[in-house]
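So that you can tell them apart, the chains are marked A, B, C and D in the order they are listed, and the count of residues begins at 1 in each.
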Amino acid sequence: MRFLLDAEQRAFADSLNALLTAADTPSVVRDWSRGERKSGRALWSRIAEAGVFALAVPEECEGLGPRPVELTVAFIELGRHAVPGPLVETTTAAALLAELPDPGPAKRFLPSLATGETMATLTCTPPPAGHGKPTAPYALDADAATIRLTVSESAAAAELRLAPPPGRPLPSLDPGRRLFGVPSGGEVLAVGPQVGVAVGRAVLRARLATAAQALGVGLALLDRSVAYVRQRKQFGVPIGSFQAVKHQLADAELGLEFARPLVHGAALTMDPADVAAAKVTACEAAHATARTALQLHGAIGYTAEYDLSLWLTKARALRTAWGTPDECRTVVLSGGRRW
Amino acid sequence: MRFLLDAEQRAFADSLNALLTAADTPSVVRDWSRGERKSGRALWSRIAEAGVFALAVPEECEGLGPRPVELTVAFIELGRHAVPGPLVETTTAAALLAELPDPGPAKRFLPSLATGETMATLTCTPPPAGHGKPTAPYALDADAATIRLTVSESAAAAELRLAPPPGRPLPSLDPGRRLFGVPSGGEVLAVGPQVGVAVGRAVLRARLATAAQALGVGLALLDRSVAYVRQRKQFGVPIGSFQAVKHQLADAELGLEFARPLVHGAALTMDPADVAAAKVTACEAAHATARTALQLHGAIGYTAEYDLSLWLTKARALRTAWGTPDECRTVVLSGGRRW
Amino acid sequence: MDLSLTPADEAFRAGARAWLRSHVPSTPLPSLETEEGFAAHRAWEAELAADRWSVVNWPAEYGGRDAGLIRWLLFEEEYHAAGAPGRVGQNGVSLLAPTLFDHGTEEQRARVLPSMATGEVVWAQAWSEPEAGSDLASLRSRAVRTSGGWLLGGQKTWSSRAAFADRAFGLFRSDPDAPKPHQGLTYLMFDLRAPGVTVRPIARLDGKPAFAELFLDDVFVPDEDVIGEPGQGWRIAMSTAGNERGLMLRSPGRFLASAERLRGLWQAQGSPPEAGNRVADALIGARAYQLFTYAAASRFLDGESIGPESSLNKIFWSEYDIALHETALDLLGAEGELADTDWSERYVFSLAGPIYAGTNEIQRDIIAERLLGLPKGRR
Amino acid sequence: MDLSLTPADEAFRAGARAWLRSHVPSTPLPSLETEEGFAAHRAWEAELAADRWSVVNWPAEYGGRDAGLIRWLLFEEEYHAAGAPGRVGQNGVSLLAPTLFDHGTEEQRARVLPSMATGEVVWAQAWSEPEAGSDLASLRSRAVRTSGGWLLGGQKTWSSRAAFADRAFGLFRSDPDAPKPHQGLTYLMFDLRAPGVTVRPIARLDGKPAFAELFLDDVFVPDEDVIGEPGQGWRIAMSTAGNERGLMLRSPGRFLASAERLRGLWQAQGSPPEAGNRVADALIGARAYQLFTYAAASRFLDGESIGPESSLNKIFWSEYDIALHETALDLLGAEGELADTDWSERYVFSLAGPIYAGTNEIQRDIIAERLLGLPKGRR
């Protein structure tokens, strides 16, 4: 029992943070949302070089993983810098391919995913848990991804296909995300009950990575808000000296700092209830922090041109990606007693 | 359309407020909670003289009602002064007796209820709406009441009985309330489907009166808290000058002032969804104000000997009396579109 | 105490309902925050005005129906229940027009109001400045006396509708030497296409140009476009702010309709019980806001002014609106992320509520100090 | 990063579980806040102590097991999961004992700790005074030098457990002329039955005498009962406050057990789906608090001090505890109103959380100023 990131994990976070800070991610997001992929692809390669995608791939498939704790460490930093692209989906697709009973698809796609040469996206309809709403009905950035996986599930088995190129994008509230309807048809990569098991595990990872990413988004929103209220003056003093402002930020800190251990803890157990708890808590904390950040920034925070907007809109989008708050709470309730 | 209390209604509120202020209700509550009924009965007579119980009784039964708006006006003041006793139950029993198809029970009991000579209590198991939990399973102050009505309902019809004297009291979180298990048996006063209709209407009034009482409790808690934070000093200044304190009280004011029109509006329509909306909103506002009042008073507010406790504990008790928040919200959801 | 309507009120309501039923476009207009949508909404105002439905509470001589506050509320209920389009003229109608009725000249009213009522001239507000958020007394844009009028200079921002509007109104510092910052401000109207005006649209969170920055470089304003006395702008602006304006910023009809739409969405999703309480709270809140407004309107009609109570109103609707739309997006699940839907557009719009027209922090200070009597001074 | 337990830890946990299974009373003890219940809880402490389970993290020489922080957490999880009684000695064990370990003398530890461990001597805290709520620096009760010791005078209040306890500890002003109010305070232990002490029990909201006022009139305290140097009381009290104490005020095991009890109640009521989210939040919150505490304990074991982060901990558990019990009472419906039930007793207890040990307002100020670096000074 030592529930702390070790020196190597902290160094990994620091190096990713340094890499992303140097990369000027806000301008990358703005390029990406205009459909200009060059800067995004360049950043993607560097993230891959840092080993992020390899963390999801087992060592026997020439990856470094599965290392869920390091994955959460990485996704916190990716969220902190609002990195665009199908990050969760590529990671999840890699994990899914690696777990298929047939090693063929893994051999075919994993090397280029691990190196960052290709991006993947992934949809699941309907979700493994059998809820009314699909967990992931849209293919994120399917125009940028070269590997578009679709999972469709029936009671008996799941089918994994390599989908054809997508149609027109659907705009997201987060301009850094471009959604696409599920492309139908395409080459069948795998089918059968074992595929369903692999998908279930993969969705768990997608949910965990989304939780970590949301936590990073929330941490960035808090940092930016703290910096802003220290210098912004109203009525002759920094607004950060008003108790109402202080307490809103204290509450944001509280929410985020209690989400953090859930995220890392879920990575250690990979228990569905733990993962769902991390997802709902991190997303609620990020979302509440976004509300506070917008309120404290005032009108400037409401503009698309001010960089805060990149995180504000992502907090909202991640809240419902890979499981809504209510879906996650239902998973928690159906979990057995284990704490 | 003139959605304001008229001069007569305001005068009625003022006169009740004056009557109750002069009566030193906190000491009456303390007597009552020790089982000493004398001061409570004296106050009860004066409340009856002011016409409060007659408001629920139709004019043809020699009452002044039904006047639901005036009833809410009165119950706001009763709540404001934390008046003890089966106020809601007596009013509701009177309304129920007046609506029975057989005029016998009304003739027998109403005169003494309207004059305040007798008190009534009332239980309903299970509730008319058919929820899992009984709405009113305990007979409030059944030892002080001389008329103890019990309603039991089946799918087909309702049965109203005059119950025998109760057993041992069950303590309530509100020391001003003494609860008793439902006494079984007793004389049958009425039975049949029409009794069920009358009970349904009576329960609506009980719910409305409880909402008004809770609103009054919340208003008193706010007033006392405002007075307290203006004089209580910490760190050399009145704590009411701290923005965090101000905003908590502003939120209490907000909750109460938006509950108030729901309470009066429900009295005008007597629509089940309106009444349920008033109940849940007034009780939530009173309860939230109680939380704030306790927080701002600090430890002194947590003591039974300080008078604030009389309102704090009543806010909690009224929250679940005559319909929990969830039950009320369910009624709102099942209401049709009419706003 | 009475919620019932007179037969004449009922007839008015029925008339509005019938007109709306036969005129409201069956497919939604394009977004108000686009050039195409702006034009479509302007045309809709003309259609409303042709049958005197665009400004029902105004006097008949300016295009209204002398409807009064209660009928205005009834009209709004019908308007939103009918799913009618957003109101492109709202800034002028709810902010400038009341000021003209109270402080304008007969000539100004005759000149300004009819074209406002038809949507021929759409007005933008020009209150805020980069360094003056909630602190309006620190305004720095100036009006300098010149022959026959004034020359405006400086910068305004968060000017809603200004990207596509025709004219604007706001406060300008005409006497920089006034002893207190609230003094020496003048209330002026000006043309957004006048020489010296540069309009830079600002995109809100979803990329739509919902407001703009205005750069003013010696913009000439004739004396006839000063409202009230020069130097009295602050008093004039404030005197209107506390009256109907507080009530008319968001009508209850809007939220009654939104709450029913939310209930419809919830039912369409299979009435998930875990979301039921949030939907119930939306229904309850809309009813509370409606009744609260009826009470305020009744007091107003009794001759009372609204005053600091409008802070209760402002906090309530702004936080209510966000909560309702958060619930909707959560109910939509992954679909809630889609932009350019009616739900998402209203969600983004709702997010500005707690910030604008005085932040909710300031409103809470006002409630604490002016309604509850707590000590001022420390924040 | 690792949540796994060593075989030795697992064995410790299993040992605690087995002992508790065979010793925890099958029917709950009477309320701790009654004379009868106090005696029963004192006897339970003796039973725990007989098998060295009353103070597992203390050194063996004083009755403990040298268990360390992690095993203490495991013990607490087992303890609460077993539904074992409340801890009557908690004030002494979690507030006084850490101070004695850090600042007491060998003689004091040998004299005080063993009887604390067995429940033979139950300690009350005596921090607050009528005019000093969250503002401890304004304490006025005094300690005046006398031959061989000190004479205490003045009044203490909100002294929890004092109605039935044996001894108390607190800060007293020994040097009224000290240049700053934090200086000149001395940390003392005294006998609640000594001449000059008057204990007036104070009933909490449900009428139970959970704390008391202490009136002190020339109460003699020998020098041996001063902890640390006279005049250093503030520093001594603060130095312990920021360490394990922040972690040990409420153990995660307590809330893990409460959350499971709540789930059980919910299920017993037929799993009403409209209450499901609140129950889920209780389960999630307990897990979050457990993991947050594991992380803090891990940092502490690494040699880091906890410091202002304990404010996060304090706000979280105090607001969590109330929310959980509010949910329970709401689930119970009309039955939730009954007093003297286990749920209602825990509910009333929870209500004090945001007030005591530094109000949550002060904790939020600390978070904002010390963790986030916002400007001090205005509130």
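The definition used in the following text is that a residue touches a chain if its C-beta (ideal position, glycine included) is under 8 Å from a C-beta of that chain, and two chains touch if they have at least 3 such contacts.
What you see is a predicted model, and the numbers here were worked out from it, not measured in a lab.
Visitor: Measuring centre to centre with C-alpha atoms, which chain is farthest from subunit D?
Guide: Centre of mass proxy via C-alpha means gives C as farthest from subunit D.
Visitor: Comparing A-C against A-D, which pair counts more contacting C-beta pairs?
Guide: The comparison resolves to A-D.
Visitor: Could you tell me the distance, in whole angstrom, between the mean C-alpha positions of subunit B and subunit D?
Guide: Centre-to-centre distance between subunit B and subunit D: 38 Å.
Visitor: Just the number, please: Cα centre separation of subunit C and subunit D in whole Å.
Guide: 53
Visitor: If I count partner chains per residue in subunit D, which residues reach a count of at least 2?
Guide: 274, 276-277, 361, 364, 378-379, in rising order.
Visitor: Can you list the residues of subunit B that touch 2 or more other chains?
Guide: Touching at least two other chains: 241-245, 247, 326, 329-330.
Visitor: For subunit B, which residues count as touching subunit C in their complex?
Guide: 1-6, 9, 69, 222, 226, 229-230, 237-238, 240-243, 245-247, 249-251, 253-254, 257-262, 264-265, 268-269, 273-274, 277, 280-281, 326, 329-330, 332-333, 335, 337, 339
Visitor: Inside the complex, what are the residues of subunit C that reach subunit A?
Guide: Those residues of subunit C that touch subunit A are 128, 133-135, 157-158, 202-207, 269-270, 272, 274-275, 322, 329-330, 332-340, 344, 347-348, 351-352, 354-356, 359-361, 364, 379.
Visitor: Any idea which subunit C residues touch subunit B in the complex?
Guide: 1-6, 9, 70, 256, 259-260, 263, 276-277, 279-281, 283-292, 294-295, 297-299, 301-302, 309, 312, 315-316, 361, 363-365, 367-369, 371-379
Visitor: Flag every residue of subunit B that touches subunit A in the complex, lowest number first.
Guide: Residues of subunit B touching subunit A: 242-244, 247.
Visitor: Using the touch rule from the top, collect the residues of subunit C that touch subunit D in their complex.
Guide: My answer: residues 273-274, 276-277, 378-379.
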